[in-house]
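Note that the chains take the letters A, B, C and D in the order they are written out, and that residue 1 is the start of every chain.
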Amino acid sequence: MPRSERVVENLNAALHRVFAEDESAYLIGEDLADPYGGAFKVGKGLSTKYPGRVLSTPLSESGFVGVANGLALTGNTVFAEIMFGDFAFLAFDQLCNFAAKSVSMYGSRQELRMVVRCPVGGHRGYGPTHSQAVQKHFMGVPNLALYELTPFHDSADVFAEMVGRGEPCIHFEDKTLYGTRRWTEGTDDLFEFGFAGARREYGTAQPRVGSGDADCVIIATGGTAPLALQAARKLFLEAETVCRLVVPSRLYPLDLSPVEGMLARARRIVVVEEGVAGGTWGADVAQEIYERMWESLSGRVRLVHSDSSVIPSAAHLEREVLVQAEDIEKTVREALAR
Amino acid sequence: MPRSERVVENLNAALHRVFAEDESAYLIGEDLADPYGGAFKVGKGLSTKYPGRVLSTPLSESGFVGVANGLALTGNTVFAEIMFGDFAFLAFDQLCNFAAKSVSMYGSRQELRMVVRCPVGGHRGYGPTHSQAVQKHFMGVPNLALYELTPFHDSADVFAEMVGRGEPCIHFEDKTLYGTRRWTEGTDDLFEFGFAGARREYGTAQPRVGSGDADCVIIATGGTAPLALQAARKLFLEAETVCRLVVPSRLYPLDLSPVEGMLARARRIVVVEEGVAGGTWGADVAQEIYERMWESLSGRVRLVHSDSSVIPSAAHLEREVLVQAEDIEKTVREALAR
Amino acid sequence: MLDASTTTAPRVAGPAEPADDDLELLLLIRHFELSLLDLFSAGKLNGTTHTCLGQEHVPVALGPLLGEGDYVFSNHRGHGHYLARFRDPEGLLAEIMGRQGAVCDGVGGSQHILRGRYLSTGVQGESLPVAVGTGLHLKRHEPGSLALVHIGDGTWGEGSVYEALNMAQLWRVPVVVAVENNGIAQSTPAALQMAGSIEGRVTGMGIAYRRIESCDVHDIRTAVEADVEQVRATNRPLVLEFSVPRVGPHSKGDDTRTQEELADARSRDWYEVYGRRFPEGFARADARLRERVSQVTRDVDARPLSEWRDACLAPSA
Amino acid sequence: MLDASTTTAPRVAGPAEPADDDLELLLLIRHFELSLLDLFSAGKLNGTTHTCLGQEHVPVALGPLLGEGDYVFSNHRGHGHYLARFRDPEGLLAEIMGRQGAVCDGVGGSQHILRGRYLSTGVQGESLPVAVGTGLHLKRHEPGSLALVHIGDGTWGEGSVYEALNMAQLWRVPVVVAVENNGIAQSTPAALQMAGSIEGRVTGMGIAYRRIESCDVHDIRTAVEADVEQVRATNRPLVLEFSVPRVGPHSKGDDTRTQEELADARSRDWYEVYGRRFPEGFARADARLRERVSQVTRDVDARPLSEWRDACLAPSA
């Protein structure tokens, strides 16, 4: 597939662009100051260029998200970085009880331009307290929008959209993507990469030859997109199964309209995420699909997620728990077999 | 319907029983000491009878849930009370990253007997930070079981079951139930009240005459059960619609087997909860139903929940947001109309 | 400048006669709160409400030290803070009763109010880091302005307080924390919820601190005026601890204190103190404000129900 | 008894010759940590690991003051704490490498270890209130035992620390907090993350405190022995602040300190100090422990992969 810069470079460039264009932009979180630039280096260079607007904080997740809230309330554009998404639980109150509620609980709409960035997910051997995909726990909070980093989207666009909402957003970033290269529009040997939706809400990939309706549409979160693509390639090569991959930039609230037609024509639909079983994002997507297209559905929506388990440290144990490309492949095969 | 003591008395008696039978039982939380006995009086009398085992804490939700974790780790049976469920967000880390993970992340199973009690829900005019039904946010954490107070269940049984799990549990308690009377087995003028499941996992209510299959099964959380019953009565009296009400004691993990037959025979299924839209418990229940009984389903599962909004303070505004009996009635009518 | 060491306000023999304006405001708040308790008893309010009976003098004393550019963060016990800032009993009562003219359309209610640079919320401790963020903004764009946060003694149990104070001091943020130490948190006496002292905790972080025992608004102002100016000039945070009596229940009818404790609280009430010392002028003003509040109550009670001003926020939208 | 006031350990001119057992343990930990860094470079470890290079003397000094009934709560930088308690490099290395014989079957890994009365976890600050709960249990059922918690200087940013200390002091809970103040948190120097001092914060809560500058295990023991006994006798919590150098990176290859800062850290390293002072005995022991650890490494590296001991926990169950 066509490849460009690394995802972490794109993210870093997107932040630099926000800071250059918006004098009120802040970045707040732990160990952000150069030369460290944050645990995953997403903030590199910012503190040198904009010393007053990068706040390297003490270990105080709840506190610094609160500070971000104060900066956002006074009209600034604030990016906060939680070092590992698991620690977002420490700031759950400031995020849900203060940031999100402040938008509407005072009767008239209160604008908050605020993005909380959370590196999430496993596959890196960081162990049970540093590896969760915590997205699902933040779903369904009014005025808290959830986005996820994908290999398709230019983070500059996504950041602009989040900031433009004027309400708090969480941007989940699967750590395994940071070091990989972005996917850009165009084709590779087998697949065609593009977008669906007027505002490119969904990244899409489909076999170049399979122009007809898909056997299966795979809706996958950004972090699992590479696994889903791997499964789709294999299914195409080995079984001539045509899978379309659909990767949303925004997880919640979800608007399926840009891909509704594609979903309605698919024989099967599979939803993939890394989070462990129970109360998953996928269940919510499925619910939306059943509600919108019950009549046209030709089969039930299948969910793929990690096992109900802590994420172990040792690589071989972690592998058993986390979603793998083979799990996706297997689910698609099973779905099509019925 | 047959009525017995008030729910809050039943809860209080259940705690007294635990304390009498289990020397290692603790209750920890804010303002628990007599004569106050906790904001909703559930703990009344305990501190007088068991002074060393009731810990009235400073305002420190994260801290005192941590203390509860320590007591549980050392083999005690610990009940913690979060004054308002909204504040459970302050303890999200201790609950999910410590309590739940400790059960399994050390390789061998670590027993934790621990119940975190959370009064939840609106209809009381307490306003946006004191009225949420926060249940859904805690779903899908391995080794964290979620229960909800119902008008059917004897809290003594439920407490025994939770403690017996040997893993952290949250017991959600809809504030509107505290002052109401429990429902006991037997019949009233129209309905028959009973249980489904060998361990009485589900409370059930059905019209006495409608012995055949139900037009609709309404699965409702404990807090919404009275509203669902009200809707069911009205539907029966006005439209001769037979609704069976099914109220689970345990919300997560959910085991539908005791009611699977009933569900399979129902024309329609409606799931009710008070939480606001998005990532709901109902979506998860529906997902489970689709997975288990896709072939036999004669219609899609309908969800009833509150609007996507903060919970306003003023009674007339709060009413608009929260699930009401009429919403349930309307959904059942619509479901049956198709 | 005020240093990170104990400094106590000069004890005065007794309060001086308050300025008319101060007395009016004190009594406005007092009667507003008493009227709320009456409305509750009459079944005209739902939900909960926390009156500031006995603590009115704190916002009244601090009011003239604040400018328009300053932010005030209030908590659950915030009616006095609001009235001292805006003198708007109609708007506040309408908010509490869910009537037209409500400051926040009745959505927020007693504990959740936003108006201009005034904000309250109902989760204890949450507003401290928010005030630090606000103070950072002021420091950059409106130097000389500050963020004032009211909290109670019990709120010092919450970790957020320390996370926020640490950052405020590290980054030199113009935040003033007004602690209204009424010696109790809901039903729990301070001795059962606070180890050591507020002073020790604050100075341990190198933060400026002052304790105020007086309930005389003039004395209080004299004692803290220079400290507050220092915050504006240096951007260093400041904690003011006011020793106050809680004369009413925590919310409604939930006072479990003994008769002696209650008598002690009442004896320290500015209302008693002022009333004893200047019986005539006080009684006149008292009657006037009682009447004013009862008019406001009748007026607001007669209004139609509030509506979401911002149609897009209403859940039906 | 030790009061809530500053008390500093007596400064000794230089370290005395350590007991053989102490030196063995110090060097065991040192070579264990060095070996981990080698394994990382060789691509044999995944995830992350935080070595305690330069801080080994803290658990070694405290070890003999602890009994079997005492709990130890460790953090991300916990290898030394574990080895000082159990002298089990095989089990720990197997845990980190995910090999058979792993203490926690490789599920927990470097940061998440539970064995008997020893527990570590990776979220900073989380273990303090847990230790308070544990201490409450001990106080009731095993008086005289205590819970020891190791935390770093940076962890004082977390609100949990204050929530826990407050309860520990209010309720008289036998908890000892060993602060390993290495002047840095990941990449952030203490001056940029801590206002005031640990001492000020602790004594402000009325809690007993002692600072220890020495890296001599014997001196440390002498300085703190009586304090620890006091905790057992009185159930009052105690905070010990150890000034220590972080000689290695935060985790792996992420040290952004200057050459001078690193040189300063190394100069305060017990390894340097002991090595210079008793060159011969030290070098012999050093070689012996290096060899021991390299044997352990070869042994563990040759083992098969670990498995979930408790079949019911495995996700496939």
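As a working rule, contacts are C-beta pairs under 8 Å (C-beta built on N, C-alpha and C of every residue); 3 or more make two chains touch, one makes a residue touch a chain.
Predicted model only: the values in this text are computed from it and were never measured.
> How many links in the shortest chain of touching chains run from subunit C to subunit D?
1
> Per the centroid of Cα atoms for each chain, what is the distance between subunit B and subunit C, given in Å?
That gives a centre separation of 37 Å.
> In angstrom, rounded to a whole number, how far apart do the mean CA points of subunit A and subunit C lie?
Chain centroid spacing, subunit A to subunit C, equals 42 Å.
> What are the residues of subunit B that contact at least two other chains?
Residues 57-58, 60, 62-63, 86-87, 90, 93, 97, 104-105, 127-129, 308-310, 312 of subunit B each touch two or more of the other chains.
> Quick one: which residues in subunit D touch 2 or more of the other chains?
Where subunit D meets two or more other chains at a single residue, that happens at 102, 105-108, 112, 121, 123, 156-160, 163, 166, 170, 192-194, 308, 313.
> Which category does the touching pattern between chains fall into here: line, ring, star, complete, or other?
Drawn as a graph, the chains make a fully connected set, so complete.
> Provide the residue numbers of subunit D that touch subunit A in the complex, in ascending order.
46-48, 97-98, 102, 105-112, 121-125, 154-159, 185-188, 192-194, 254, 256, 305-306, 308, 313-316
> Across the complex, what residues on subunit A touch subunit C?
52, 55, 57-58, 60, 62-76, 78, 93-94, 97-98, 102, 104-110
> Once bound in the complex, which stretches of subunit C touch subunit A?
Against subunit A, subunit C makes touches at 102-108, 112-114, 119, 121, 123, 126, 128-138, 140, 147, 159-160, 163-164, 166-167, 170-171, 308-310, 312-313.
> So in the complex, which bits of subunit A are touching subunit D?
30-31, 33, 35-36, 39, 56-63, 86-87, 90, 124-130, 307-310, 312-317, 320-321
> What residues on subunit A touch subunit B, complex-wise?
Those residues of subunit A that touch subunit B are 62, 86-87, 89-90, 92-93, 96-97, 101, 104-105, 127-129, 136-142, 252-253, 275-284, 286-287, 290-291, 294, 300-301, 303, 308-310, 312.
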